[in-house]
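Here the chain labels run A, B, C, D and E in written order, and each chain numbers its own residues starting at 1.
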Amino acid sequence: MLEPINVSLESLNLMTLAPMLIPIIGALLIIVIDVIKGGLDKSLYVGLSMLFLIMDFGTLLDAAGVFAQTGTVMGVFDMMLIDGLAIISQFIIVGASMLFIPLALTHKRFHEFSYPEFFALFLFMIAGFQFMVATDNLILIFVGLETASLALYTLIAMHNRDKSFEAAVKYFTMGALAAGFFSFGSMVLYALTGSIEINQIAAVLQANNYTDIGYVLVAVTFLLASFAFKLSLVPFHTWAPDVYEGASASMAGYMSIVPKIAAFVVTMRLFEFLIHSGVVWLEVVLYVFVVVTMTAANIWALVQTDVKRMLAYSSISHAGFVMAAILIATTQANSALFLYWVLFSFTNLGAFSMLWMSRQKHLPDYQSSDHSFDKFAGMIKTAPVAALIMGLFMLSLAGIPPFALFWGKLYMISSAVTGGYTILALIMALNSAIAGYYYVKLIVYMFMKEPVTGNDGHVYVTNATLPLKSIIGFAAIGTIFAIVMLNPLLEFITAFVYNSGY
Amino acid sequence: MFEAVAFYLFSFLTIAMFFIAVTTSQALYALTALAAGMIFISAFFFILGADFLGAIQIVVYSGAVMALYAFGMMFFDTTRDVKEKKGNKMIIVGLGTLAAILVVVIFATPMVADNIVAFYPMTEGVGNTQDVGMVLFTKYLIPFEVAAVMLLVAMISGIVLAGKKMDLSLTLMSDAEIKDVKKEKNKKVLS
Amino acid sequence: MEMFLYIALFAPLVGSMFAALFSASPKTLIAGIVPSALLFISFLASSILLAYVLKTGGSIHVEMMTWMATGDLYIPFGFMVDQVSVTMMMVVTLVSTVVHVYAIGYMSHDKAFNRFFAWLSAFVFSMMILVMSDNFAGLFIGWEGVGLCSWGLIGFWYHKEVATWAANEAFIMNRIADLGMLIGIFLVYWNTGTLQYVEAFAAMPSLETDILTWMGIFLFIGAMGKSAQFPLHTWLADAMEGPTPVSALIHAATMVTAGVYLIVRANPLYDLIPHVGLFIASLGAFVALFAASMALVNRDMKRIIAYSTLSQLGYMFVAAGLGAYWVALFHLMAHAFFKALLFLGAGNVMHAMNDELDPFKMGGLSKVMKGTFIMMTIASVALAGIFPLAGFFSKDLILEVGFIQNHYIIYTVLLFTAGLTAFYSFRLVALIFHGEERYKLFGIDPHEAYKFMLVAMTPLLLLAIIAGSLKGTYFDMVTIVLPATQYHVHSAVVYWIMTIGTQLFVIGAIAFAYKKYALSEVKVPDGTSAMENSFGYKLLKNQYYIPQFYENYLVKPYRELSLAFWKEVDMKIVDATVDGIAKAIYNTGENTRDMQNGNLSTMLKWMVAGAVGLLSLAVVFGLAVKFSSEIEFFLSTLGVQ
Amino acid sequence: MFDYILSTLIFFPALAAVFGFMIHKDSIRAYGVTVSAIELALSLWLWFIFDSNVAGMQFMENLPLLPAFGINYIVGVDGISLFIVILASFFTLIGIASLTDTKKVKNMIITLLFLQMTMIGVFVALDAILFYVFWELSLVPMLYIIGAWGGEKRIYASVKFFLYTFTGSLVMLVGMLFMAYFYYQATIDPITGVGIWSFAILDWHRLILPETYQLWLFGAFFMGFAIKVPMFPFHTWLPYAHGQAPTIGSVILAAILLKMGTYAFIRFSLPMFPDASVYFMFPIAIIAIIMIIYTAMVAYAQEDVKQVVAYSSVSHMGVIILGTFALNVEGISGSIFLMIAHGVVSGALFLLVGVIYDRRHTKMMSEFGGLASVMPIYATIFGVMLMASVGMPLTINFVGEFLSLLGFYQQSHILTLLAGIAIIVGAIYMLAAYKRLFFGEVTNEKNKNLPDVNKRELVALIPLTIITIWLGIYPKPVLEPINNSVEYVVQLMHDKSITEEAKTRIPNLVQASMQEVN
Amino acid sequence: MEIGLNHYLVLSTILFAIGLVGVMRRKNLLLLFFATEILLNSVNIAFAAISHYYGDLTGQMFAFFVIAIAASEVAVGLGLLIVWHKRHGNIDLDNMSTMRG
C-alpha cells in the first residue's frame, strides 16, 4: 500500500524556486492585465517586465549569497539544483534579458511589441531557461528547454514578416528533431543506468566502469547532437544564420546569448564527468566539433554580404570557441566559459542593438538586405558616433585588446594552454585571425568607403530612442571598460564554478 | 508466449503504420496510418503495464493531436496528393538505415547494467495510475508544473499565431499606415 | 700646438660651411675666396705643426671628445700629428689651397660656383680627418667622407648623365672596398680590443699570423678601392667627368693616395705579414703596367692623366708592399705635386679648348698657352722621372727597392712601365702643344687661362722641381715612425748602370713619343688606320674590355636579378603565397556556402547526417574498445607495436 | 608627478584625443600640435630626470588590473625604451605639424593622438598583456590611417597590414600564455600546490626555462615579432602599407611601428630565452642577411620612390635584427641605436617623398628627373638623408650600423661579411633612386616650376636633419643609457643561460671586468 | 521465446529510424510534423519498456512528459503553419528558402 506522504515544507527549500517563479508570476500578471484592460501601451509591459527581471536578479543575488555561505542547495524533492553554475548562468540569462527588453521601445513600430503576449512569452521563456540550468534532472531540463524553445519560436514568428515565419518554421522543425534526439539519448542513458539524474548517471556509470561503452556512446551521440543543435555547432548549425536573419536584430542578438548559455550549462553538466572519466571518443569528437565549428563558421562568415548574417556566423564561431571549454574541462576552462559569455553578451548584444537601431521597414534600392554591408558604407561621415560604437563592437568581437572580448579570449586560450591543448590553443588563435577579416570588413565599409548616394545617415538611427541609446551606451561602456570589472568578475566566477565542483 | 505474440504483432503493425505514414503520398492515408500507429503504441504500454501512459497516449495522441492534425489538414487543403519532389533518395534511405543498423547493432547486445537501482520503484499491488500519481506529485511536481506552463505557452502561441492580428503586419507598415489602420479598427486590436 | 691642430683640421670645415650657406644663391666670389683663405690658414697651421714635429721629433696627440662608447668599445674623436700624418697634411693643404685658388678662376663661369667650394672644402676636411685620426674608426670617417665628397664632385654637373653615372660608380665601387675595410676594422677590434692605432699595433705582434694576414688583406681591400687598384680601378677613369680641379685634387693628389697612406700607417701590421706585402707589391706592379698600357692609346686627355695616376699608385703600392714605407710616402708626396700640376694644366687646356678633351684635336697650343705649356712639360718630365726633378728621386727609388729586395720581375715590370710612362706623357704633351694647330679645324679659339690661376700653380711647379732635394730632411723626419731602411745598391757600378740606364731608357721613350706625335704629320684618327683596327689597340682602347665585362656580367645581371626578385620572387612567390592562403580560405567559404542552401530539408539532412556520423564513430570506437585485445593481437601479428 | 610620468605620457594623448572631438575642425591642427608638443616636452623631461647610470627600470608604476590572473598595469622605462618613447612623441609632433592632408583632418589628428598612446604604451609596458594590449591596439589607428587616407589600393593594403600582423601577434599571445603557465608551474608552492600567475616581464626575465621550452616559445614570439619587423619572408605587407599609406602614415609606420618588433626581440626574446636565442642565432642571421641583400635588390628594381624607401626599411631592419642577435653589448646597443637612427632617417625620407607627392600626386620616379635644379634645398635635405640612409659616418645611421655589424662579427665572420654587403647594395639603390629623381635635365614640363620646400615642411625636416647629424657626431647622450641597460640585459642572459654554447656565445661582463681589475 | 528489453529497444530504434527517414524525406510541413511525432513516440515505447523491466517509474514519467511536449509542439507548429499558409497558400518547404548562403 502507499504510505501517506509527509514532507516538511522546510526540506523542500522552496526558496530555490523563487528566481523562476518571479518571471512566471510576471507573465501571468501581464496576461491578466491585458485581459482586464486591453490596448495598453507597450512601454507599460516593458516596464513591468523590467521590474520583474530586476526582482529576479535580486533573488539571484540572494541565492548567490546563500551559495557562497552554504554551497550547493538542492530543493523540492532534489529536483532543483542551485549550484554555482546555475547561479552564474541565471545571472547571465536575466542580465542579458534586462539588456534586451528595453530594445522593444523602438521609434518605429514593430509587430511583436504590440502584443502583451510577447512580454508574457518572453518571461515564460526566461523561466524555462532558468529551470533548464537549475537542475540535473533530464526531464526538467527537457521540459524547461521546450518551454523556452516554444516561446522563442513564437517570439521569432511574431515579428510578422515572411522571413520571420520562415525562420520560425525552420527553427521549430529542427528543434523538434533535436527534441527527438534528446529524448532518445536520455532513453539510452536511462536504459543504462536506470536514472535520469545526471549525478546518479555519473555515479552508476562510474560504478560499472563504463562497461557498456557502446551504449554510452550512443547516448552521448544523441545528446550531443541535440545540444549541438542548440549551440549551433557545425553541422547542426544550419538553422542559425537563417533564424538570425529572419528574427528581428534584437532578438537575434538575444538568441546568440541566452539559449546558448543555458545549453552550455547543461552540456557542461552532462559531459564534464564523461570527459574526466577518460572517454577518448568524446574528447576526439568534441575536439573535432570545436575546430570545425570555429573554422567553418569563420570561413562562411567571410563570404557574407549581410552584416546580420555575418554576425550570425560569427556567433556560431564564438560558440565553437567557447565549446573548447567543455572539451578542456578544467576549472579554469569552465570559468573562462562564463567569463567569455558575460563579455560576449555585452558586445554581441551591443552589436545587434546597433543593427536594430538602424532597422528600416522598407529597403531602399541600394540595399539587397536589411543590413547589407553597403548600408554601412561611409558611416563615419554621416553618423560618426554610431560608426565609432559599431567599430568598437567589431573590434571587441575580433578580440582586439583592451576591449571586452579580448579578455575572454585570453582566458580561454590560457585555459587551453594550461589544459595541455597546445594545438587547440593555436587553432583558436589563428581562427581569431581569420575572424579578424570579416569584422574589419565592416570597419572598412564604415570608415573607409564613401557613402552610397541617398544615404544621409538618418538610416542608422531610424529606430533610436533614449532606451535604445542607453542600452547601446551601456554595452559600449561595458565593452571598453571591461578590464575594470574583470577582476571581481573572474574571482566571483572562479569561486562559484570551483565550489560547484566543476 | 502471449507477450511474444503480442509484441511481434504490434511491432509489425506499428512499423507498418509508421512506414506508411512517412512514405505514402496521400496525406489522408498518412494521417490515418499515424493515428493507427499511435493506438498500437498504446498497446505496448498496456502490455508493459503502464496503463496510465496507455490511456494518456490514446487520449492525447489519438484524440487531441490527431484532431488538431485533421483540422490542420482540412485547413491547408492537403487532402489532395502531396507531391514529394524527387530528391536524392539515396541519402535519405542511406542515412536512415545506417542509423537503424548502427543502433540495432549496439542494442542487440545485452546490457550489463549491474548497478541499476530503481529510484522510484513500482509499488506492488498498487494500480499504475495511483503509483504514477504518487511520483508525479512529489518528485516530479516541478516538471509537472513547468509542463503546465509549457502548455500555457503553447496555447498562447497558438492563439497569437493563428489570431487575426497577425494578418496585418505592423512590421511592414509605415507609421502613417498604422495610424490609418488604428482609426478604422477597434483600438483593442492594435495597442 | 693643439690649437694649430684644430685650426688645421677645422678651417676647411668652416670654409665649406661658409660656402654652403651660399649654395642656394647665385654665384658670389666670396664663397670662393673665403674657403681658399681658410685653407691657406690650414696650410699655415699645418706648416707650423710640421715645424714643430721637425724640431721636436715628437708628435701631438689630442682627444677631442668621445664618439662611440659601448661595451668594451671606445672610440674617441682623437687626432694625432706625427711625422707621417704631418707629411700628408702638408700635401693635402698645399695642393688643395692651390686647387682652390685655381678653381676660383676655373669655375668662375659656373652657376653652381658656391656649391663647388662647399663640396671642395668639405673634401679637404674629410681628407684631414682621414690623415689626422688616431684610430681606425676616425680613419673610416674620413675614408667615407672623401668618398661622399668625391661623389658630389664627380657628379657636380648633375645634369650630365655620364657625370652622375660616374659619380655613382665611384661611390659604389668604393663602397665595395669599404666593406673590406670595415671587416678589417672589425678584425682589429675583436682581436686587439681597441681601434686606437698605437694600442692596436702594440697588441698585434702577439697575435696569430693567420689573423694578421686576414687583417692585412681586408684593410688592403679597403685601400684598393680608394686607390683604384685592379680590379676596382674603372671608376677612376670615369671620375674624370668631374670638374678638372676636382680631378687634380681628389683623383690625383689626395684621395686616391689614401690607400697608400693606410698601408703606410699600418706598417707595423704589414711588417708582420711580408707575404701579404709581396702580394700588394705584385698587384701594384701589375697595376702600374696595366694602367700605363691603357694610357698609351687613350684619346682623352684627362683619362690619360688618370691612368698615369693609377700607374703611379701602383708604384707606391710596390714600395709600400715591399716594406719601403717611407719611399712610398715620398713618391706619394712628389707625385701629388706634379700630378696636380699636370691636371691643372690640363684644365687650362680644356678651358682654352672649350672643354674639348681629345688631344688629337689640339696641337700647337704652345704658342697660345706658353705658361701652361711650360708647366705641363715640367710636370711630365717629373712624372717621367728625369733627373733632377721630383719623379727621379721618388720613382727610381722604388725601382731600386724592388731590385735590392731581389724581386726582379717587379723591377723589370716597373722599369718597362717607366718607359711607357715617359712615352704616353710626352705623347700627350706633343699632341697638345706641338705640331699643327688642328684645333682650327674645329673652329676653336684657344686662350691662356687667368694669370692668377697660373700664379696659383707655381707652388706646385716649384715643388715638382725641387721636391727631390727635400728627400734627406724628409727621410730623417719620417723614419722616426717608419722603418728606416736605406735602399742603396751596394755596388756602385750596378747603381750607376741602373740609374743611367733607366734615364736613357726613359729619354728614349720621350724621344720616340716626340718623333711620332710632334714632328710627323698627325691626323685626327677616324678609326680606319691599321693600327686602330689591330687587336692590341682595341684591347687597350676598350680598357681590356673590363668596363664592358662589368656592365654585362655584373651590372646588368644585378639589375635583371633585382627585377626578377621583385616581380617573380617577391610578388609571385612570397606575396602570392600569403595572398594565396587568404584566397584559399575565402574560396573555401565561397564554395561551401551552398551547404546552407536555405532548404529546410537539406538542413534536416545535415542534422541527421551529423548524428549518424557521430554514431558511426561511436560504433567504430565501441567495437574497437570491445575487441581491443583482439585488435592488439592482430596488430602484433602484423608486427605493429 | 615624477612617479606617474609614464602614465601621463601614455594617457595624456588619449585624453587629448577624446577632447579633440569637441574642437572645431578649423582649429584642430593647432590643438594637435599643442598636444603633441606638450607630449614631446614631457618625454624630453623624462629624459632629463632619467638617471643614465641606472641600468634597470625607472619610474615604475604598478597597478593591479586582473591580479587573479597575474595581469597588472606595470610600466617602466630603461635605456632601451627611453629613446624610442621620445622618438614616438617626436614623430607625432613632426607628423601633425607637417600634415598637409586637409581631408577629414580632425579624424586624422584624433587618430594620430590615439596612435601615440599605443606607441608609447608598447614601449613602456612591463607586463606582457599590457604590452600586447598596446601592441594590438596600435593596429587599429594605423588601419584607419592607411585605409581612409591612402592611395588606390588602400583598403587592400590596410586590411593586409592588419590581418598579417594580427595573425602573427595571436601566435605570440599563445606564446605569452604558455610563458605565464610555465611561470605558474615554476612557482608552485609545494605545500599549497598553488602557483603564481604573472605576466610581468621582469618576473619572466628571472625564470629559467629548459631549452626545448625556450625553443618553442621563442618560435611563438618570433611569429609575432617577425611579422611586425617585418622579417623575410613575412615582409610583403610592408610595401603595400607604405605604398598606399598617406605620408604621415608611412612616417609613423616606418619610424615607430616597425621598431616594436625589434624592440620586443630585445625586451622579450633575448632575456627570456637566451639559449634559444643562441640556438636560433644563425638561422635568424641568415634571414637577416636575406632581408638585407634581397630586399635591397628588390628596392633597386622599384619604380615608385616610396617603395624604394619602404624596401630599404626592410633592408635596414635586417641590420637591426643582426645586431640584436649579436648577443653582445656592442651589437645590441648598436641595434637599439640603429632603431632610433632608422626611425629618424626613414621617417625623414618618407616625409621627403611626401613633399613631392603633395606637389605632383605621383611617386613614380620616371615622372621626375632633374629636380636638383628646381628644388635645391629639397635636394640637399634629401641628399643628407640619403647619405644617412646608406650609413655615411657622422650621420646617425652609421653609429648603429657600425656597432651592429661590429657586434655580430664576434659571432660569425662570414655572415658579417655577407651582411656588410648592406653598405654596398644600400648605396646602389639609394643612389640610383637619387639619380633618377634629382639628376639629369628636367624633362617633364610639370616639374619645371615646382616650388621648393615650404616653411611647414622645413619645420619638420630641419629638426630631423639636425638630429641626424648631431647624433651621428655625438651619440653619447643616447648611447650611454642604452649601453648601461644593455649590459644589464647581456649579463642577465649570460647568467641564466644553461647550455654550454650559450655560456660561451654570450659574453660574461662581470668576468671581463674582473679580469681587467686583475 | 522471452521478450527482453533489447527487443523493445530495437523496435524503438527501428521506429526512430523510420521517423528520421520521414523527417528527411517529407517536403510537406504537415507531414513532416507527423514524422517528428513518430520520433517521440518511438522513444516512449522504449521508456515504458525500460520502466517495466527495471520496475522503476521514472521511465513512465519521462514518457508522460514527452507526450506533453509533443502535444505542445503540435499546437505551436500548427500555429506557425497556419500563419505561413495564410500568407503563401502552401506549406511546401521547398518554397521556403528566401534566406540562404
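Note that in this section a contact is a pair of C-beta atoms (placed from the backbone, for glycine too) under 8 Å apart; a residue touches a chain by one contact, two chains touch by 3 or more.
All of these numbers come straight from a predicted model, not from anything done at the bench.
Listing every chain that touches subunit B and subunit E alike gives A, C.
Using the mean of the Cα atoms as each chain's centre, the chain most removed from subunit D is B.
Put simply, the chain farthest from subunit A by mean CA position is C. Nearest to the common centre of all protein CA atoms is the CA centroid of chain D. Measuring from the averaged C-alpha position of subunit A to that of subunit B gives a distance of 27 Å. Note: centroid distance subunit C to subunit D, computed from Cα atoms, is 35 Å.
Inter-chain centre distance (subunit A to subunit E, centres taken as mean C-alpha positions): 26 Å. Taking the mean of the C-alpha atoms as each chain's centre, subunit A and subunit D sit 43 Å apart. Counting partner chains per residue, subunit B has residues 87, 91-92, 95-96, 99, 103, 106-107, 109, 111, 116, 118-119, 131, 139-140, 143, 147, 150, 153-154, 157, 159-161, 166 touching two or more of them. Shown for subunit A are the residues that touch two or more other chains, namely 139, 143, 146, 150, 153-154, 157, 169-170, 173, 177, 191, 194-195, 214, 218, 241-242, 303, 437. Multi-chain contact residues of subunit D (touching two or more other chains) are listed as 163.
Two chains count as a pair here when they touch; such pairs are A-B, A-C, A-D, A-E, B-C, B-E, C-D, C-E.
Within the complex formed with subunit E, the subunit C residues making contact are 593-594, 596-601, 604-605, 608.
Interface of subunit C with subunit B (complex): residues 601, 605, 608-609, 611-612, 615-616, 618-619, 622. Residues 87, 91-92, 95-96, 98-99, 102-103, 105-106 of subunit B are the ones that touch subunit C when the two sit in their complex. Put simply, subunit A touches subunit E in their complex at residues 138-139, 142-143, 146, 150, 153-154, 157, 162-163, 165-170, 172-173, 176-177, 179-180, 183-184, 186-187, 190-191, 194-196, 241-242, 245-246, 303-305, 309. Those residues of subunit A that touch subunit C in the complex are listed here as 169-170, 173-174, 177-178, 181, 213-214, 217-218, 220-222, 224-225, 228-229, 235-236, 238-239, 241-242, 280-281, 284-285, 296, 299-303, 434, 437.
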